[in-house]
Amino acid sequence: MLENFIYIFDMLGTIAFAISGVLVATRLRMDPFGITVLAGVTAIGGGTLRDMMMGSTPVFWIMDNTYIYVILLTALLSVLWLHRIHRFPAYLLPTLDAFGLAIFTIIGAQKALSFGFSGPVAIVMGCVTGVVGGMIRDILSGQIPYILQKEIYATASILGAILYVICGFLELGSIFSMVIAILGTLSLRLSAIYWHLSLPVFSDGR
Amino acid sequence: MLENFIYIFDMLGTIAFAISGVLVATRLRMDPFGITVLAGVTAIGGGTLRDMMMGSTPVFWIMDNTYIYVILLTALLSVLWLHRIHRFPAYLLPTLDAFGLAIFTIIGAQKALSFGFSGPVAIVMGCVTGVVGGMIRDILSGQIPYILQKEIYATASILGAILYVICGFLELGSIFSMVIAILGTLSLRLSAIYWHLSLPVFSDGR
Amino acid sequence: MLENFIYIFDMLGTIAFAISGVLVATRLRMDPFGITVLAGVTAIGGGTLRDMMMGSTPVFWIMDNTYIYVILLTALLSVLWLHRIHRFPAYLLPTLDAFGLAIFTIIGAQKALSFGFSGPVAIVMGCVTGVVGGMIRDILSGQIPYILQKEIYATASILGAILYVICGFLELGSIFSMVIAILGTLSLRLSAIYWHLSLPVFSDGR
């Protein structure tokens, strides 16, 4: 039950990040195979680093090829769809990225806790799982990674992970905790996107 | 016999990528040690990530220092040679990169299959082993990674890996399969370089 | 005794690199959480890659959360301090980076030798541990990584690691060897910064 629930969310996050990779790749006028590679890197980059750091190898998508097939199918369908649309709304990329961020953050934290690691480690692992895929996508495509922009991004991921760990500590039930935490990250990040929210920044005065 | 064959190809790929790293490093006017570092990153970056993802740690070059010595020697000789040439032909870098791409793709796929992983995983591992070293080289040096350019690159790697997996499935013999697949990737990539071939691209119309 | 000695140095390196991450992050006008993430990536990036390559997983900071707390505290205090200073001297970043480089290089080499790996591998691991954190920091922040600049950087790390391995070979005593090697890297790098020293470079004449 819980496993299925997590698995479904995992696939939704994979699809969201894969499409975000396709959107960036098409902007770069990459060919279908390059698009698929960027979609894949974005979708599994974070979880792959998490698994390598935790020593959970071979990493998740090697043990379960479903991820590869889902990414291939997502890339194929998005390319065909984009080919017909020819133009996509500006908010689509950050919104999909926000969904991937929210879901993967919680799944990363959940996996770390299930391995018996501490709360702080779970929070870091959640953040890694959530932000790294999009970070690689942005670096590869020469964009400024979202995480480096003033708008709330790492903050949304970290707060979601903290929320999940606290819910777990309070034994509020795994599924309930995941939904709460995902909604927390998602609503915070989406609000930041639409109302351009940001925390006060500290600069060296230059 | 097969082991020796693979090993020789592995060394050839290592040398090709190491020289490509030296070429980029000299362009950046790096000092001899910086040049050696970039040569090393390019030559072992892909295989290192592959081994970490597969859980084949310590990674290959830790267990067999020959790779380190080959990279050092290659860097030394290339630097001395470049010092005398003072100018190298423009097609040298992409050509060496193509050789590394072709050889490492097949070696990565071969290693994944030898670990008992599935065909799809072998194709991904081949692509990772082939493209990541050059990708890091290009990102570090502030160039646009080849894989992001319109010309056939990821495509050549993926098709070579698919070719190898199919040959293996048809039990055409390991060495024969490797040669076929390497020639496939190499000829496709070299043709793309010389005749500026590219697949149709999908853009969002901007 | 030796363990404590290494541990203290490790923490000093972690603090130095964490502050360097904060300095870069504030320059980018990131928010407190983004700053903490960049501080963390810079402080544990190199050791994390080293551990993943050596197969020493879960990586060090997962097993010992002290690193996470030290980074959080360092980030918090530096942000508050920077908030009051509003401007920091130009030599602060490269100097802190030099301390992190020197300490982490030796700690990386020491860990590799303690795992029974060869001298050449220890030198590579030292270099990886020393340079990768700062490299990720610079790539993420869109700066040219120090390692790619003409001034002695990789050179200082490599020579420090070689010095440490030689001292170990001569059985000069672990602590003595570490101090010698750290001072070697530090003095070479600091001299390069202040007197703009660089090795002769090889260019392709362009």
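We call the chains A, B and C, going by the order they appear; numbering starts again at 1 in every chain.
Note that a contact is a pair of C-beta atoms (placed from the backbone, for glycine too) under 8 Å apart; a residue touches a chain by one contact, two chains touch by 3 or more.
These figures come from a predicted structure and were not determined experimentally.
Two copies of one chain, chain A and chain C, form a contact in which under half of the residue numbers belong to both partners.
Fitting chain A to chain B on Cα positions gives a rotation angle of 120°, stated in steps of 5. Centre-to-centre, using mean CA coordinates, chain A is 29 Å away from chain C. Counting partner chains per residue, chain C shows two or more touched chains at residues 52, 57, 139. Interface residues of chain C, counted against chain B in their complex, comprise 52-55, 57, 115, 117-118, 120-121, 124, 127, 131, 135, 139, 144-145, 147-148, 150, 152-155, 158, 198-206.
Every residue of chain C that touches chain A in the complex is listed here, in rising order: 23, 26-37, 40, 48, 52, 57-59, 61-62, 65, 68-69, 79, 82-83, 85-88, 139-142.
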